[in-house]
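Pasting the structures in now, so scroll down.
Okay, so chain A shows up in both of these, paired with chain B first and chain C after.
And now, the complex of A and B:
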């Protein structure tokens, strides 16, 4: 039974790829849900293009947030920043109680509609889990390892890059995985502020009462999120296993 | 607590407070470069930025600038967190009075169309001094009960301000006045959806968790399924449930009489419930697994039955961890209900999406601010419950 999840994922991946490349060949599956002469497959933009834009937005936001979040976590765990550590912790705690939609909608008056407010919301939300996990990793390092690194005469920077960060890598990656999943979700909502993402398909379906659009948009987004989550999780386990052996 | 003690002993030569430096920097930028309020001749036209100098009578503007500058300077100097908390809270209250007064000052006498809204400078000042309060609270290591008291104080001031009509000349309150009845209606459905779905998740998730604890072979499979559900983006989840629930409403006798429809509160409730299951089940399992084996042995030794052990020993010990899961889902669901408005589920999201559609920022605020407030209050209240459920000595070790 161990091969079953892998088989299901492979199947989901190929179905998703086939649907994005030739959506029209799936029209018979969805035509039952479209009423009257309404199209069964979203035709106002290319689904493949929307998926690519959706993923690009998530990727850029997660990477940018990751770089800044890791840098900030390093800063507050050095001697210079110890004073900022409890402060940073409580800011992150409060940040997590803010609903993503609120941030998205509140950014619009300042930035206008489109990709910019969506990117901003994605960026802010992706920072929180990555910062939190990096912080957890850096503050819970095994003491004997740190002592040993100091004992062999490593400088602060050497310890950071060749001992501390590699030890934290699985935790940091777990933060990136959480951030990516949240970003995929927030990017979908971003279409309510006119960002070109797959959420557009769902919104168009809701507005024109076309269940075929709603379902295909939702399925593509859901399958994409699950596959990305699982891929990152597999990578994380691979690194963790390599780290302990 | 260890960190505060350590930082107190290491006083650098220059007594500059680092979080205070951030607060003062942000406040200075807001004060010098950013507009305090926005004025619009009516709801639709683009607004004009108004600096603090012109947003209130000049004499008040001088006082306000001085007060803000002095507080910013004070936050730079290292001092005990208690006075920092007091001046932080005081300046926040002052800013909210100030923005109300600027609404009155900027609205021409008898003009019912003019709209005044807080601008970026106001929000950045609130953010900066909010950081000051947050920092003071974290340095005081203020417990959940103190935070609850402060929250109650905040609501008291908010209620007072609303009663005397302090903000009535702001665009936000004008939007509210136009839809006061529907505001409370949507507020009720927002709370009902968020709290109801969490309640349903507790009622079913805790037994599932107990069951998984007893049957470890099931644990992995159940958690995997729930994890996958949690991964599905919220909008997709709401959308995915429309077709099945529509089918149920059309084909199961009596379902539509119960209010089950493809669009509306039913798919919203179901989606929120499904999202809530993972944290509740996972934390129940973690809480039960965290009960020390010797405690379990001792209970068995006194001749307690398995059910007695569960109810009297294991469950109370696991309660703080379970409540931590409840806190996560409650805060998360209060935010997610906003998205349910897209599928007709109601809630404050209705105003957010109406506001986006009409390009009316203040209508967006009317939906977003109460949502943020609700989520924040839920977090504070649940923190108190977690504290009360934790064993008094060395509390919180179960987390």
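And now, the complex of A and C:
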């Protein structure tokens, strides 16, 4: 039965692709949920376009948060940066404790409606899991390996790039995975401040009391989240298998 | 040559190494023995500056080791630790190639050197080169660890309990291999161990440390016959002393002319093994033969007894 999960994932992927490309062919499935003459499929914008914009936003926010969080974790684990650790921790934690909705509300007056406040909320939210995981990885490296890395005459940067980061990679990737999945669902609220995401479909459904819209918006986000989660998880496993002792 | 002069080190006000002066000659195999906390590892790590000394100087071939940047200094010496410290994300070949790569050797030279070392350690390059460390047995990992340390042909090899993680049978084999390699390459070896038996079996000279101080620095026979203190004597173990003394000499050294009954012993055999043979056969003398089986003379229990005796 090892092939079953793979088969289900492939099926989910093709259904998602088919739905995004030709949503109208799925209308009979959703028509029961739409009341009266309301359309069964969201038609105010292309679902494919919305999904692409949704993904792009999540991707950019996660990558930006990743770069900063990893850099920060590296900084505070160097000898000259240890004093910054508590500071960096609290900055990252504040990003996480702030509800994304509050970030949106606070950011809109400064940046205006659209993608930017949403990006900001996702970015702040994605920092913590990536930072914490990178920090855990860098502070829990096997002692003998670190000792050997110094003993063979590697400089600090050589140790970082050829030993420490490669050994942490599975853990860092796990942080990225968590951040990406959280961002995928959180991005939907961006549509309250006019960011083009799949949240638009859900919000339209809530406003017009059209359950079909809500369901299709939520399903597309959920399936994307599952597929991205599994893909990143598989990558982690692949990287970890080589290095496990 | 490594000259250690008046070296000291303290951690948080506690003295770990206290005013040690000793010289390790080129091609020598020196073992530093002591209990945990005796400062032996700290002393070793000050040679390649993994630990910076507080007092005194260490000169490598006449040059103060603080005149060379730390990473560069360490690339010029091999360093082997107990848990081998192989990089788990790199293959065996890549692990061995670490220092040559840091030194910027070209690919072909690195490949040739890696293959040469794998063969030296009885690991088939095509089979073991592409494997990852966790796919090897403990003994193989240890050999790869020594191979990595020797890759850039260092004159000096520093070893910190290199055989501590091996089981006894593999450990003996690993010691023999190391002695053979040292004889062949002429590398100066400084090895830290807590095991006096190991220190006596491997070292040309033995440095006994206790509480940060150098208690005795002498060849194995002298450490056995004239232990510098009660502490050294207890490390050596009273019951084992005569047998250890016997293991430093060969049958050829005390062979005499004359006939003897019984199975011949080889002239290369250590006196300890010869004694075992005599006890086993209940003989007071046995004939001695060379490698080809030609009789050379005899060995007597009386001569053996003289060699196993202390200073009297």
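Convention: the second predicted complex is superposed on the first by the 238 of 245 C-alpha atoms of A that agree within 3 Å, B and C clash if a C-alpha of one lies under 4 Å from a C-alpha of the other, contacts with A are read in each partner's own complex, and residues count from 1 in each chain.
Just so we're on the same page, contacts are C-beta pairs under 8 Å (C-beta built on N, C-alpha and C of every residue); 3 or more make two chains touch, one makes a residue touch a chain.
As the structure is a computational prediction, the values presented were derived from the model and not from experiment.
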item	value
Room on chain A for both chain B and chain C (clash or fit)	fit
Touched partner set for A:225, first chain B, second chain C, both or neither	first
First, second, both or neither for A:9, with chain B first and chain C second	neither
Per-residue contact with chain A, leading partner among chain C and chain B	B
Touched partner set for A:149, first chain B, second chain C, both or neither	second
Three-chain overlay, closest Cα atoms of chain B and chain C, distance in Å	10
Chain C contact footprint on chain A (complex, rising order)	142, 144-145, 147-155, 158, 163, 166-167, 242-245
Touching residues on chain A, where the partner in the complex is chain B	5, 33, 81-87, 89-91, 94, 96-102, 105-106, 108-110, 181, 184-185, 188-189, 192-193, 199, 202-203, 205-206, 211, 214-215, 217-219, 221-222, 225-226, 229
Residues of chain B that touch chain A when the two form their complex	3-4, 6-7, 10, 17-19, 120, 131, 134-135, 137-139, 224, 228, 231-237, 239-240, 242-243, 246, 262, 331, 334-336, 338-339, 342-343, 349, 352-353, 355-356, 361, 364-365, 367-368, 371-372, 375-376, 378-379
Chain C residues within the chain A interface of the complex	48, 50, 70-76, 79, 81-89, 98-99, 102, 132-134, 145, 148-149
